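Read through the structure below, which is laid out as structure tokens, and then see the notes.
Think of it as A, B and C in the order they're written, each chain with its own count starting at 1.
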């Protein structure tokens, strides 16, 4: 019995299900259960959801709008993952990005759009990058675990923004705690009239391509990938692991920051502390679903966007709660991760522990206990 | 100065304790899981499921006690799933946790809509006790002696956990696994079983935390009612340096800060309570990065353990 | 002394992938005996004992204790049968006290309470009973290695071990601590414990054991009574014989290409692995470095290549002098250095990358591989295709993931990368480990060729035949120090073996 169990789990682990489709199918099937309990037909429900997601330009606009912030954060997390870093701090970074953009927009209302818009976006990116560099530097210099530090930074960011919008930046004479509206000249143009779909989506698409080019085609990207795949070999080859960590966290933070920037300049038009419904964490899910590949992230965020765009429609039309899509999303991530298995052959090191691979590569390997599992790829030719 | 007395009245401390209990409960469970090497980011989801499970149990049985058990069960099931993913399948623990969070949010919101057609369905909940002798004590009485049973239960578990972890053979085994599982294995300890047990215990405690939210603080289920308390619990674990009593103190800190924040808001005082709420996180960050004192996580935290590899 | 057999392992077979770690091994242990298990690293000694201790399961074979067949499926089983093991890498929890480590896992189900004072007293009692002396309340992290080992031994004794396995116990001890250990071992025998003593150190085996079993490449070469066997015979059994020598062109003395002066390297565990070592490699010369694994070779190589810098000393690479602490991998490469690391799959290559990418791992920032920051993939892979063909890598596909190549071909990729630019200084570490004859030949040819081209080559290996074939001179390293510098023509494997075991012999030439 034990033997069977081991073989079964080994098979699950070893299987290269690069068909996230299979996982998706399983997620959809399992999510049909609550729909059935609600007394509705799952096929009808999924149909309504799809119709709500892509039925007509307005609905497509809604889906794409919902996909946009997740696309940014997904790219952010994916870029970090590829370089061997766990950036769970996208949530905080996007808040900082939003802050940066708002400050510039509100601070220079008379600047022409051609200057103000790029400036706001740029500063937002920098704010986000800054928020990412802090945990990055701590990791590079002191090997502090970035999962924990980025989570802390999320909360610090949130409360700081909250303080600002309840206090110094608050719109005077308003019941609500948010800033004044940003001037027209700082807002992102709408792409499809009658929808909320804004140019931020296009920016995100451009960044998908840019990220792809960065990772696959540039020398810097090469270094990032090398460090993520095998920090020891990267160190041996002369690459600076520390510089890499800080750079990656800056870029990653900036990308997440853009999620905040575009939500403010494209949808909300003012900064508040409730504009993000967890986009940062969705980014983690989407990065995993997309296997940390920019195109995969694009597909995965579109998928999430579609689900959420169709969800409210599904709820309205046949009464299946919109939150069902969250179940689908959770199960999809779960099954994909189980299916795809490890990213590298060795178990992923989550925390530094005793041996910090990377910053100081470990020189004493295979010595003297050379009798552990020897190099298995040993068959002569 | 009148402001200060208004702010720091007796009821503030009682409120702080009440607000801290869900965090403490979840954090104590997480201490065990992390001491055994398992990182459970999915605490938030387990808490939420626990809250939901508790309401279901209370709704269908009319008794909050059944609700509590139901909440614990829901938490345990999610804990078991995370354990299976992390220990047997050895997939990345952060990923598993985030997937659980997503799933729990979706499942509870959906099922709540489906089962309780009328939003805000109230269920039987726990009342506050008034312990006879205790409540008569001046000053401390109202602060300590008029809480629901669950409060005392959680505090008792926290102290008991401290004892178990540091003063029993079982605790030594758990800590050994968290530091160097190979050595524990070599000493004949059942590493995988104990890892499972600690993770499931973490789930149960998260379930209790959730039950507290839905059956003590309120008497109904609200969408996403855990509202980030799970993440706070993770922070409290680090703040408390991976000890149950330390985590309890961390939880109290967060509870106190939240209580003050609410009080400040209610009284309309011109103190930015958001900055106050930010402090515990800043403190934890400083503590963790070694700016203030040194903290070390259990050495094998987050690393999958496989036999037959040296 | 009682007669009979307390432990018998029969026809044990264990495979890891394609490698046969134990090939029908037979070994017996008599009561009250110290039985040495002798062999080089990779011979299969630790694997065999891990099977006995329940950490591994044999593919086939039987184990009996007191002539009764037993099945040992886990360390808990082994412990319950009275088998205890002290591993080469201690199984101690650094942050616990000695007492906590000793009692870890030893309780019956009902025992829950753990009072530090009681536990420490119990441990103290057992320690005293067997003549060991340490403070049970001290935290292991703070103890010197020799004392940590005592804790490990007491841990086994506390659980009632009657068969004690010591895996290379003297590897981490000073000579004095070693004597202390031997005294303890004799005491234990007198108190009814039988010991299996794994080692590769000839002197110690001769000093302490009653019988010795020699393993080589997974097979038992022979079992002898220690007092009936000579040092030289054991050395030959362990190491093997000479092969035909490869023709090497003659050379004349040249200026040095690589000089090392007073190099000291301290590893992560704060152990001094290289102790004030000096050496010189002339241009167009191969200096072989012989020694048993773990005597500082890897640390020496890593220090020269800048991977793990030295603590002190000076190095001169290709005529450029510098402080040994200031070497980095990039500097080493820039000065004309090439390093073939011992762990090719984990250090030398990124297995997820294509062969083309691996070939430019060190030079990806230089033209023509990069233009305006963009990688020129076509040029990279064209270049790679040429190299792969030249170095006979199969399959010569630059886009193929390197992880899919066999070990021999992976090594060729590394060679192609490191040697193609005609480096002036080459440091090579166990280059033919795990390779078949054809791949080995290829590596040797490459190195001889570069020697003819004037490279200064430092060649580290634990294969004596290889060293004797390839080197102009052989340096023997023992515990981070040089034991001797010999000419292959004027020495024998036996002499080298003795030097490797730490026995200083009159230096030749």
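In the analysis below, contacts are C-beta pairs under 8 Å (C-beta built on N, C-alpha and C of every residue); 3 or more make two chains touch, one makes a residue touch a chain.
If you're wondering where the values come from, they're calculated on a predicted model, not measured in any experiment.
Taking the mean Cα position of each chain as its centre, C sits at the greatest distance from chain A.
Looking at B-C and A-B, the interface holding more C-beta pairs in contact is that of A-B. Rounded to a whole number, the gap between the C-alpha centres of chain A and chain C is 44 angstrom. Look at where the CA atoms of chain B average out and do the same for chain C: the two points lie 47 Å apart. Averaging C-alpha coordinates per chain places the centre of chain A 26 Å away from that of chain B. Within chain C, contacts with two or more other chains are made by residues 89. Touching of two or more other chains is recorded for residues 310 of chain B.
The set of chain A residues that touch two or more partner chains comprises 369, 373. Chain B meets chain A in the complex at residues 39, 85, 88-96, 98-111, 113-114, 223, 231, 234-235, 238, 272, 274-275, 277-278, 281-282, 284-285, 288-290, 297, 299-304, 306, 309-310.
Listed in rising order, the residues of chain A touching chain C in the complex are 217-223, 225-226, 229-230, 232-238, 344-345, 360-371, 373-381. Those residues of chain C lying in contact with chain B across their complex are 53, 55-56, 74-76, 79, 85, 87, 89-96, 100, 103-107, 111-115, 155, 159. Across the interface of their complex, chain A is touched by residues 16-19, 21, 41-47, 88-89, 168, 171, 267-268, 292-294, 298-299, 302, 305, 307-308, 328-330, 333, 339, 341-353, 357, 361-362, 364-365, 370, 373-375, 377, 394, 403, 405-410, 434, 436, 438-439 of chain C. Interface residues of chain B facing chain C in the complex, by the touch rule stated above, are 167-173, 175-176, 179-180, 182-190, 307-308, 310.
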